[in-house]
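Take a look at this one; I'll ask things after.
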Amino acid sequence: MAPKKLKIGVAGLGRMGKRHAINFLQSVPRAQLVAVSTPDAAEREWAKHALGPSGVAIYDDYGDMLDHDGLEAVCIASATAVHAKQAIAAIDAGKDVLCEKPLAITAATSQTVVDAAQRRPELKVMCGFSRRFDESYRDAHAKVQAGLIGRPSVLRSQTCDMLDPTGFFVGYAALSGGIFVDCSIHDIDLALWFFGEEGEARVKSVSAVGITAIEPELRTHNDRDNAVGIVEFADGRIVNLYASRMMAAGQEDTTEIIGTRGKITVNATPAANLVKVFEPGGVRHDMPKTYWDRFKPAFTQEAIEFTACCLDDKPVPVKLQTAVAAVRIGAALQESMITGKKVWFNGHGPHEHRAKI
Amino acid sequence: MAPKKLKIGVAGLGRMGKRHAINFLQSVPRAQLVAVSTPDAAEREWAKHALGPSGVAIYDDYGDMLDHDGLEAVCIASATAVHAKQAIAAIDAGKDVLCEKPLAITAATSQTVVDAAQRRPELKVMCGFSRRFDESYRDAHAKVQAGLIGRPSVLRSQTCDMLDPTGFFVGYAALSGGIFVDCSIHDIDLALWFFGEEGEARVKSVSAVGITAIEPELRTHNDRDNAVGIVEFADGRIVNLYASRMMAAGQEDTTEIIGTRGKITVNATPAANLVKVFEPGGVRHDMPKTYWDRFKPAFTQEAIEFTACCLDDKPVPVKLQTAVAAVRIGAALQESMITGKKVWFNGHGPHEHRAKI
Amino acid sequence: MAPKKLKIGVAGLGRMGKRHAINFLQSVPRAQLVAVSTPDAAEREWAKHALGPSGVAIYDDYGDMLDHDGLEAVCIASATAVHAKQAIAAIDAGKDVLCEKPLAITAATSQTVVDAAQRRPELKVMCGFSRRFDESYRDAHAKVQAGLIGRPSVLRSQTCDMLDPTGFFVGYAALSGGIFVDCSIHDIDLALWFFGEEGEARVKSVSAVGITAIEPELRTHNDRDNAVGIVEFADGRIVNLYASRMMAAGQEDTTEIIGTRGKITVNATPAANLVKVFEPGGVRHDMPKTYWDRFKPAFTQEAIEFTACCLDDKPVPVKLQTAVAAVRIGAALQESMITGKKVWFNGHGPHEHRAKI
Amino acid sequence: MAPKKLKIGVAGLGRMGKRHAINFLQSVPRAQLVAVSTPDAAEREWAKHALGPSGVAIYDDYGDMLDHDGLEAVCIASATAVHAKQAIAAIDAGKDVLCEKPLAITAATSQTVVDAAQRRPELKVMCGFSRRFDESYRDAHAKVQAGLIGRPSVLRSQTCDMLDPTGFFVGYAALSGGIFVDCSIHDIDLALWFFGEEGEARVKSVSAVGITAIEPELRTHNDRDNAVGIVEFADGRIVNLYASRMMAAGQEDTTEIIGTRGKITVNATPAANLVKVFEPGGVRHDMPKTYWDRFKPAFTQEAIEFTACCLDDKPVPVKLQTAVAAVRIGAALQESMITGKKVWFNGHGPHEHRAKI
């Protein structure tokens, strides 16, 4: 008898959604992609050819997909603005949820997903911090846990996208929450993971500065194309972040964890593969072009593990509350960058601003 | 309606066989692992736990597995000594075949598989030269084909295994065909691929020298633990091979293709992943421990593409005749190493020796 | 007839002074080391053996060395606290001056050296920003000047010392001006060099955070062992600094210049030399242990060029005023780190603090 | 009183001669370049401007230079064809000698230099194997001596020049002794150094293959532009050589020493400096263009140490006899490459050929 498979649907078929759908279709043996939904006609057309022959149902309405016969779980890869709403609807419909990061662009809205999940403790709800499933980051984390570098004290991390000359990201910035919430959220999550999941409670202050080196128009959305931030932790640790939309060569996601007895770097020299070309002018190697190019196997691993947690009723490997903390820190950094002011935390968030977020 | 899957069986559950079985079970969406066979009781016990719950039938007899209801293809991962026999049996039974390298330890026996396949042209029969499915080698090959390095003239390549302190490889050497047939076969295949598939016809001479730096006992099997070889091609090209069983740090499979206008290296600096550790004493990174660690994604890709060729009736991407050529060159190198004499080819093989192989 | 040589003296024979003295003695063909001075008896004893046989006069008093017959120039490598005083004395005595960085721990005191130099425009007075003489930094600068990366927009740079387990640096911190003035001064100078020498006038704000991960006692000197800083420029550029006294593996001085069309890194993977060791546990390479290990050839080049400027009456390659700007920015970062407040500049320095520095 | 300096002359002012002259003039504090000689008028013209102002005498006749008043030593950097003759003349005139490699293109002629030196044991006579003075090779050698990799068993080394599009090397090949004597001599010397200076006596056989990938005309001089060789040692060690005149990107001199417990690489990833450029198309770094670019500091160190040996009457660090052994092995490889035959040694050289070399 064939083993049971998790019947899953993917919401949203934009850049990430397409990848998630193909991922579940082809690379997750214990999952069965049964449905997708998107309000976008062109995306549905794509699905008809790419997924239809495999028997995947295609919906224009997310709610209809939730009603799909036998659906057990959803992967939410739609626009950030609807992440929380769709996650809560899925939870309320009794589905397990794997939600793309961030849960929302404010901590308050993110918290509503946690609240919904807490009402249904039997469900698996996870925010997809893909780097936690990357084998290099896992190796680094295991080495740090084993004490190899002493006490981790400074974490420097960056999420730097290859320049998209279409300027797609300018319009996208209107709804993304800004560069710290959209990009640095990964690095912030890493900091919480490496410094301790309860780290957020101990953030003391954040400061950030940003510029528009190539896209002044981002200012109309209160965003920047290059930004540097510092997160100070109450227990004497520092996070230094860099995010950019302007990398010429490719995607550069690099992390450095400095401890009292050593240091670990992850991906200090990004490369697309193991090929080097020696030619007049020097030695050259290609770069990954996109976040997916760099982290494809991590996304597959994430999907495989999420699926296993659902089928085997095990706790998901990333705490949902951490996703709220990450948004809170990212939003405070964004605020610091825009206002030019350092933002102080008093235990659970930036104190003077808790009301409004 | 769910799409059709290729019903496949795996023969042999030793180190490689286990990996192939798991690979087909978990990572090849269009294949369904339906059976395995092995004469080894311990291996069958492993299969009971690892594969049984997924509904895979377990046979002690290869012939019985061939009779498994609905079986369409086999992956042969048994001892080299039975590769050819099992492949021919499968072909005669009308099954598609993916056979681990080498087809046999002599060119003559290898040719019998080609002969069998030619009698059944409707079947897919492929020798698993895994590096051809590695994305870095493919990128290198595409760049060479695109003329990036001019005319490829010198190829230097190595297959160097991490030292196995159990000495497993000593006994193994008795049946493996020797270090050039067992290890360098990959590099020889690369040479034929990069220099042109018809390259073998143009081999002019081979020379090799070997030593037993750590395992003198290998001499009882006419083998060595470190060997260097040169293959001279009639059209003015050279291959320089290095094979070793003695690497202290890990698996090192490196290739360098030097052309008239540039050079390409593949995996010049082997590493297990993207992590570097800075610690007292310097900077360190881990190494892949085994061939599988380095090439796992290539094995998956190989299985996926072989499966697609079977299902979609497309030609397999590696010519079977090339696998015979590779064995002929490897065996000649082995002979040169043992006799101390340069071996001359006269068009289709080492001329003075054609009778005996 | 032998060409004329510059008669030079070295003030201070601590760690750096010894190196400067040997450097001028052995590696600067157009200079003749004629004298050294140090109040420290042990250092003079060292000089007796290391320099005496080459005919170098040894003084305990700096003023006496200035009176040395025929002395034309001095290299000041004494404690930072006396840099400015000694430099001014040398200028007033009509000597050319090469002064170790920083000129002083405050911008105001640094400026007194500039003022003295302006009274004697015929003299050569240079602050030794050694990285400007490093061939890799020079190559990077030339490439940026040539437009290779478009407009340089973000500069990330670090000066990270290997952990000195003797804790020498704790006492040293009392007089060094702090980690930003002592270490990051190099990175700040790089920023001014890459962003334009007039960059300082355009600093808008600085923010910094520091911790004592290993040496809490540094707090008694208002210093930290790890610090991260951000310098915001009015024309839309950012500098991100990291300084540390805690590196386990060795000296790590890395710089990254990100432009609108590309990025350049300098020393992204520090190594002591070109050797890699493959051993059980992985692949390892040694690290430079000290700043001198990394930059020895740059110090030699600096000495050679300074000597040539004196002998040939050419302008020195580093503007003296830049050294004041670098101290002003470093001191403001130090202040921000200690007070926890962002420091705003209004054109020529941190506005609310100009009176006191 | 100023310390005594070694009065040295440089013979030959071609590419290497110019560099040696400038090297002794500027970077060897204990040497005084007093004279140069060259039969080439253009080279003398260069010397008039580059060396004349420093008081260096310029001769057109080598014998006249030997008579220069007070001359104590010579550095021979002339054409290989006159190395031996000039070295012997200098020895007979009582001068210390630093001779560029190789001593001659045959072992027999090389031996005449050794014989001359043995008649004047008070003189310092050294063949300039520059790699022995490179800090990375020295570090590698020290690590091997310390047992870090167990017993060194396989040495792979290459001397690969950047393609010179002027084809200068074609005419040069007429007198250079061929690619193995001219280029691989360095690698052969390394092998003798790493495997033991008495290694030569234990060479068992050599085999080589060469091609003319870009310069067929080299065949008129019995030379090739790419060559691969194997040297087999009687005590169970192997050397694998690669030499090329065709590198597109730059000079590539790489060495790998594989031992029973580890491996060491030197310069596995050649680079001009520490700069990397990230640009559309990937990440790139420059390469050294010439042998001198790579080994300039080694040449300086060689000159400094040779000078010290002369002044302080210490034995030179490279045994002269080794230079003969290296030529014997190189010439045998060249012969194997041209004849297509493996050359067997019987203790002290290729047995069937001893008469003629």
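Labels for the chains are A, B, C and D, by order of writing; each one numbers its residues from 1.
Following the convention adopted for this analysis, a contact is a pair of C-beta atoms (placed from the backbone, for glycine too) under 8 Å apart; a residue touches a chain by one contact, two chains touch by 3 or more.
Nothing here was measured: the structure is a model prediction, and the numbers come from that model.
What are the chains that subunit A and subunit D both touch?
The shared contacts of subunit A and subunit D, listed by label, come to B, C.
Measuring between Cα centroids, which chain is at the maximum distance from subunit D?
A
Round to the nearest whole Å and give the separation of the Cα centres of subunit A and subunit B.
From the centre of subunit A to the centre of subunit B is 39 Å.
Hunt down the residues of subunit A that sit against at least two other chains at once, touch-wise.
In subunit A, residues 149, 247-249, 261-263, 268-269, 272, 278-280, 286 touch at least two other chains, as defined above.
Assign the assembly's chain-to-chain touch graph to one of these shapes: line, ring, star, complete, other.
Graph shape here is complete: every pair of chains touches.
Per the contact definition, I'd like the list of subunit A residues that touch subunit B in the complex.
1-3, 25-27, 29, 53-55, 135-136, 139-140, 143, 148-149, 261-268, 272-280, 286, 297
Applying the document's contact rule, which stretches of subunit A touch subunit D when the two form their complex?
The touching residues are 247-250, 252, 269-272, 278-287.
Sort out for me which residues of subunit D touch subunit B in the complex.
Per the touch definition, subunit D meets subunit B at residues 149, 151, 153-154, 156, 205, 207-214, 226, 228, 230, 232, 236-238, 240, 242, 244, 246-249, 258-263, 268-269, 340-342.
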